[in-house]
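Lettered A, B, C and D in written order, each chain numbered from 1.
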Amino acid sequence: MSHSVHSHPQLDVQVERKFIPKQKDLGADVTWAKINKDVLKSLEKPRPVFWVIFFSALALFSFGVYCEVYQYQNGMGVADLNNPQVWGLYIATFIFWIGMGHSGTLLSALLHIIHADWRKPIYRYSEAMTTFTLLTAALFVLVHMGRLWQFYYVVAYPNERWTWPNFTSPLVWDATAIGTYLTSSLLFLYMGMIPDLAICRDNARGARRALYRFLSMGWQGTDRQWANFKVAYMTMACFLMPLAVSVHSIVSTDFAVSQNPGWHVTSFPPYFVLGALYSGCSGIITLFIVLRYVFRFEAYMTQPILNKLIKMTFAIAMVWTYLDLIEYATTWYGSDEVAKADLIYRATGDYALQFWGMIFCAMVMPFTLLIRFVRHNYVVLLIISLILNVGMWLERFQIITPTFAKSHYPWTWTAGWWPSWVQWGIVAGSFGWFTMLFMLYCKIFPSVSMYEVKEMVHEQNMEEKALAAQTDVHEAGLVPEMKGGQA
Amino acid sequence: MTMSNLDRRDFLKVLGISGAAATLAGCGHTSIESGVEEVMSYVHPQDFVVPGIGVFYASTCAQCGSGCGIMGKVREGRVLKLEGNPESGISGGKICGLGQAGVQAHYNPDRLRTPMYKGEGGLTPVSWETAHQILEQRLGPNSPLKGEEIAFLTGGVSGHQRVLLENFLETFDSTHHVTYDALSTATGRAASKAILGAEQPLWNIHKARLILSFGNDFLGSGVSPVYMARQYALFRKAPRGTLIQIEPRMTLTGGNADRWYPIKPGTEGILALGIAHDLLQHEEFSRGVPQEILDLVKNYDRDAVSDITGIGSDAVRLIAAQLWNNTPSLVIAGPSVEGHSYGFSNAAAVQLLNVILGNRGQTMEGQAEHPFPQLTPTLGSYHALADLNQKMAAGKTQALLVYGTNPVFTAPSHLPFAESLSNVPFKVAFVTHMDETAGHCDLVLPLLSALEDFGTHVAEYQPDGVEVMLQQPLMEKLYPESKGYGDILLEILKKRKPEAYAAFPDYYSYLKTAMVKAKPVFKVSDSDDHFWEDALRNGLVKWDGKPTSLEARLPALTMPKPAELTTDYPFYFVPSIRPDMRDGRHAYLPWLQESPETMTTVVWDSWVEIHPKTAEAMQIKEGDILQIQSATGSVRAKAYLFPGIQPDTVSMPLGQGHTQLGRFATGVGVNPYKILDPIFDDHTGELAMHATRVALRKTGEHQVVVKDEGPTTFQNGQKLVATLSADQAKLSKEI
Amino acid sequence: MSLSNLIQNWNSFRTRRPYEGQYDDAPYKWAMVIDLDSCIGCNACTVACYAENNLPVVGKERFGKGQAMHWIRIERYWGEGDTMTSEFPDHGAQYLPMLCQQCEAAPCEPVCPVGATHHSPDGLNTQVYNRCVGSRYCSANCPYKVRYFNWWNYPDRAWPNPLELQLNPDVTVRSKGVMEKCTFCMQRLRAGMDKAKTEGRILADGEVLTACAQACPTSAITFGNLADKKSKVARMWKNQQVDLAKDSQEKSEEGIRGYRILEELNTYPSIVYLERVRNLEA
Amino acid sequence: MKKSHTLALYADMDEAANALRELKSSGMSGFRMEDVVVKSPIDHPELSELLGPRPVYIQWFTLLGVLLGPTTGLVLIASAQASFIYQVRGGRPVVPLPPDMVLTYELFILSGVLMTVLATFVAMKLPGNRSPLYNASVSEDKIGILVKADPQSIPQINEILGRHKPLEIMGDQAR
């Protein structure tokens, strides 16, 4: 037990600092009533920067819509796609968005299952992020389609011609998996929100009250409701985790079941899942910092929680790096000469900048997370988390484009293919769309789970009480607040 | 000369319609031409129209002079597709890309639809009445024109179009029919005539064990590519013959060679003499060779030849050895041999090898004597145009009729044809499309397309006896205001010489009468109508002519040593002939523009080919815009790095750079004709197309070369086109 | 209905293709042989295809973007490796007419989300334009890259009046957003097979040809019915010791030229290429 | 007999637990422990001992979902494949098992989730109306004990509830 006494030079006060075993996830001043007050306030009065973000997103989205309409009218040709380069940014960004969604599930489902309580203040927006990224990804399925107006052919519906989708196509698996994932995540998000919606209902006025009243469905917080709720929530969490794993595995089969060099890789499913979690986690860090500031969630989105999040991100980044490197290694030491040539092309060819950019952003940059300064400086951390995601986007880009550029068939190789402004516009629009939806969500629904933070507070209190009952509080040094300052 | 047992004079009369022989009026039309401008309900369709079922009609391809028999698939009154006519000995049921595109020439959106007359503001549409009035006023019975005051300038024409044309000129007491061909092979023909006694001997490609081709692109842009390609296929079957191609720039044929040698342009004759030198070491070959030749050849030992030509002395030995081992062989010369000031000697030196090797009667024969020489094609030359140009410039020509040629586009800039045109008071163009020459004319007459008009064709190269090919309309005319070439001429003729022509209501009846009159020659005992209908159905009439034998002359030759390249113009300039564009007349066909040129795969453009090594030394990358400067002029084109070219040579394809030929041709590429230097063959006076030398200048600009090939032109280890050594192949066991 | 169908035909629904003798009882299995020694690279086949199948001319700009629509293309290679082995192409160029290989186990088929491309009973890899939604997965998965997508509404510009009068009424003009590819001139086959069926027979050898085979001046393309053992194409396959249902061909001796391109990818193509022969000592 | 309701609000969980304990041990007639409802902002599993067995049946619905969903799904997919004009694709069997398994797996999860959600709403009696004795503070930081009993027992119950420092007691017969 260390016991140190410092003197404050200016104020000439003696600060007696106790050994602090571990900072709590939440401050001691967080009470149940404060939680209600803070979170409900976020629905009404965010910082003005909220509107800046919202309208910028709206503007980006509008530009994306313009590009899409232009493409719809004139054909996919405006995207400068061509015979080997049939997919371009659309599929790359599609995977990016699908991937982004996975960490929400990781936080809300897996950490729930293993009772990692630090997830509680941040899982709600992560789960919302999952839902909205899936919605954004689903947009790309449509944007990418040559005949958007016939999109319903992909859906299995009975018709007089007895035609069905082709169930052997990974794209149909995709559609099914994403449909399942979107439905399940949305229900999971909604289900977990019901007690909070009841809180909103109990405090709102006017139209909002009607909305919350409708959505909370008459939740009263009775013990029977809670008991059922807990079982149901746990069951769904148990479904969601393998679902998330299957979804990105299936997305990886879009590539892995094909013949193309660089795609026909056995390790693709875990590689994709990890990549998804990785980009999702850094996305969560980004949103953590943004929400914390915009909605004044400083009391809930605390440094200890962020630290845990960063640790998790770093660990996932390392596993992903490992999987990426074994993918290269198996190709390098394998006997598939075409795949090997493709790998060399990725690293040295027309898209070498993107390749090394990915290596730098997604493999090297995570190491900055080990620096304490980075973890504690939110501006720097925000930038780094964005860089990580740029890296992950580049990773998707360089899965698709170089493979098309240098496939089995030399005659149709392309050199330096580059997407047109329409593609970039739609990709930018998708970011606008996501941000817009997400910000709107945070403005309308509680983006911090009130009841679960209350549980956290409750458990912290219980813990303290139990400890306090055992030993002398002062001796054990378990009270984190500073004492003194009165002398 | 072989002659049939029929009186030939008689036939000349008949086919020439000289005198009162013309008695038959046009009787019932049997083609779909009948019913013109009648809207027919399918409730009562004509017998030959079955909705939904395509019917094939035979005709003749007019896209080039090869005279391939074709069949047009006609459905619901529209011609949809052309196929080869299996009856035709030339096409044998096959067709080339250029021929396929005939339908696009027919349906081309830029077809001229009304007559045009030069007024205040240039050419403006006029009615046919006006056009006829003008024609009658200028060329009618009261026309004072006589002799060389009138000139008829055409590309190669044959059959009754030629007969009618010459009959037309005859009424002016003129024989001033000028045939101009921008890709004239007159020099080569003259050399062949001098050595072998025939301008265009028959080549029995399939019988040759070895073909030594000096720049002759017989598979692509030669005299009869489809027939040659068919023969080539046989040549490649067991026992497989070997093709050696020697040329400065790889042609399509060169691309198919077993061995391809890049040679310095203009040194082909020297190489041929070098090979002859080697061959004449053997007594077997030297026997009977005159002393002049032995003296001439003496100086060309392998090393000397190797120095001049850039072909290694081992290669010279190898070529000679193979000629020695593989008999019969066939040695042919092409444009790159002829296109020099000493082109005649060059080509003659090449032909000399055939004589030395004894290929006459084996792989080379004379073409069968044509029973109707007046139907044979007129073969164009450059000097014919130059002569005409001189007369025009001197103001001797009062009226000029232009048909099937576009000299304003193809004449080099040192032949100011467009300027000379302004000296001619009356110029008429017969065209389907407004081209550069028509743009300079006073009266432009819209012709029926080749798929709408009647005609007969006789090919320059008659491989199998003699065929008179029939061209018949495959559908009704698209534009009511267009007229057949024969009909227009006939109409004037009727006025000028009504006693001979009044009986023919139209060109069709003229044609039918003439053909029917010729029936006895084809040994057909059918009735006249049957004969005619059979001819139309088959698309041709055939006469079993036997090949003639060739002579062997060994004239004394002098072979100049080509001048070295200078620092001012350090590159040889070789214009290349695209099999589809030819002299540029087909540039308005979108299928051909979009067809990647086989050797480079470039589309919709002009480019300059340069060897990668040369490009590297000059730091030129693909797509760099280069200025190609000759003593005469300069053009700018994108660089294309091409390994199949002699490193001191640059090459540009002909045919692009139109300023006026419809939307698909105008503004595409540049016209290399305009930088050709005024160098002429000493013997024939032909333009030496391959003698120009140029300098390259980088402009610093860069544009992407639009082409089909990607960044690699190699198979990169994939088994795509595998090559098997000929000694391992077991072709004789194959099916 | 479909359930009983499922149970009744379970065995046939569970069969993998191709298998030995698959077409023994079938009337037709369309196949091709392309003799690369005869092919001279003259582009007659490609233009014939434009004419027969209503292929749009896309123009320079779109061609430059790689959006050309040539169902059969002539590729010209300068060598087998990845560089020139000598300064000049001493043994000429290597021409390769590349068209849809009508693979028996076509990689494009299983990946189409809507089943727009599938295998017909006579062994063709079909493309149903009406069903296509334009996901382009088939093209992505095609190792030969012979599928062409309608990036634009090509008919808008490809056939200015009256060029559209040339269009073949038997062939659909494709609108934007659908995938297309060589059909082995399906319309000709269909008409021929229907005619033969009414006459109670099967098509004779050579009765129906694809446009490319019909045009080819050197007859390098042989097209026919592989199910008919007496047809020329079947005899050539046998002579060249290529078995439709094998993914690598054992040859009884050296010098047999028949091979299928990228056969190692288990695509089982229906086109056999015959190696180009060159007198390498010349 | 018509039952009456009473609701007591507590600031402290321990007090609420004591009140429940006393209610349970009082053994009075006219009321059953099953009729006691605790309303709270969070789940209090520690109270379940006092409240007696309150079983949850959701998992059985889930089981039903995960059994029925994939089975019907697989049969439907296979039948659809069989009825689709006998389309062979890429040489694969018309009814290929690995892809169908992928879809079956997704349907397994989807039907599981949907049945769970359905069962949850049924079990939680949602959507439903709040009882008249709902107080908004139970969604903030208070704990409510709602007792349903015979009207004559209500005063006694109120008394027991009142002994444990309630913030408020409301009900049909509230003080």
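Brief remarks on what is shown
Rule of thumb we're sticking to: a contact is a pair of C-beta atoms (placed from the backbone, for glycine too) under 8 Å apart; a residue touches a chain by one contact, two chains touch by 3 or more.
Predicted, not measured: the structure shown is a model, and the values here were computed from it.
When chain centres are taken as C-alpha averages, the shortest distance to the whole-protein C-alpha average belongs to C. A straight line joining the Cα centres of chain A and chain D is 30 Å long.
The centroid of the Cα atoms in chain B and the matching centroid in chain D are 91 Å apart. Chain D has its Cα centroid 63 Å from the Cα centroid of chain C. Work out the mean CA point of chain A and of chain C, and you get 46 Å between them.
Touching of two or more other chains is recorded for residues 80-81, 83-84, 87, 89-90, 92, 99 of chain D.
With touch defined as above, residues shared between interfaces to two or more other chains in chain B number as follows: 709, 712, 714-718, 720. Residues of chain A in contact with two or more other chains: 162-164, 166, 168-169, 172, 408-412, 414. Judged by the touch criterion defined above, the protein chains form a pattern that is neither an open path, a ring nor a star, and not fully connected either.
Taken together, the chain D residues at the contact with chain A in this complex read 37-45, 47-48, 51, 54, 56, 58-59, 62, 77, 80-81, 83-85, 87, 89-90, 92, 96, 99-100, 102-103, 105-107, 109-110, 112-114, 116-117, 119-121, 123-131, 134, 136, 138-141, 146. Of all the residues in chain A, the ones that touch chain D in their complex are 31-33, 36, 156, 162-164, 166-169, 172-173, 176-177, 179-180, 183-184, 187-188, 191, 194-195, 198-199, 202-203, 217-232, 235-236, 239-240, 242-243, 246, 250, 253, 450-452, 454-455, 458.
Taken in their complex, chain B has these residues touching chain A: 709-712, 714-718, 720.
Contact residues of chain D toward chain C in the complex are 75, 78-84, 87-95, 99. Within the complex, the chain C residues that touch chain D are 1-3, 5-6, 9-10, 12-18, 103-112, 115, 117-119, 268.
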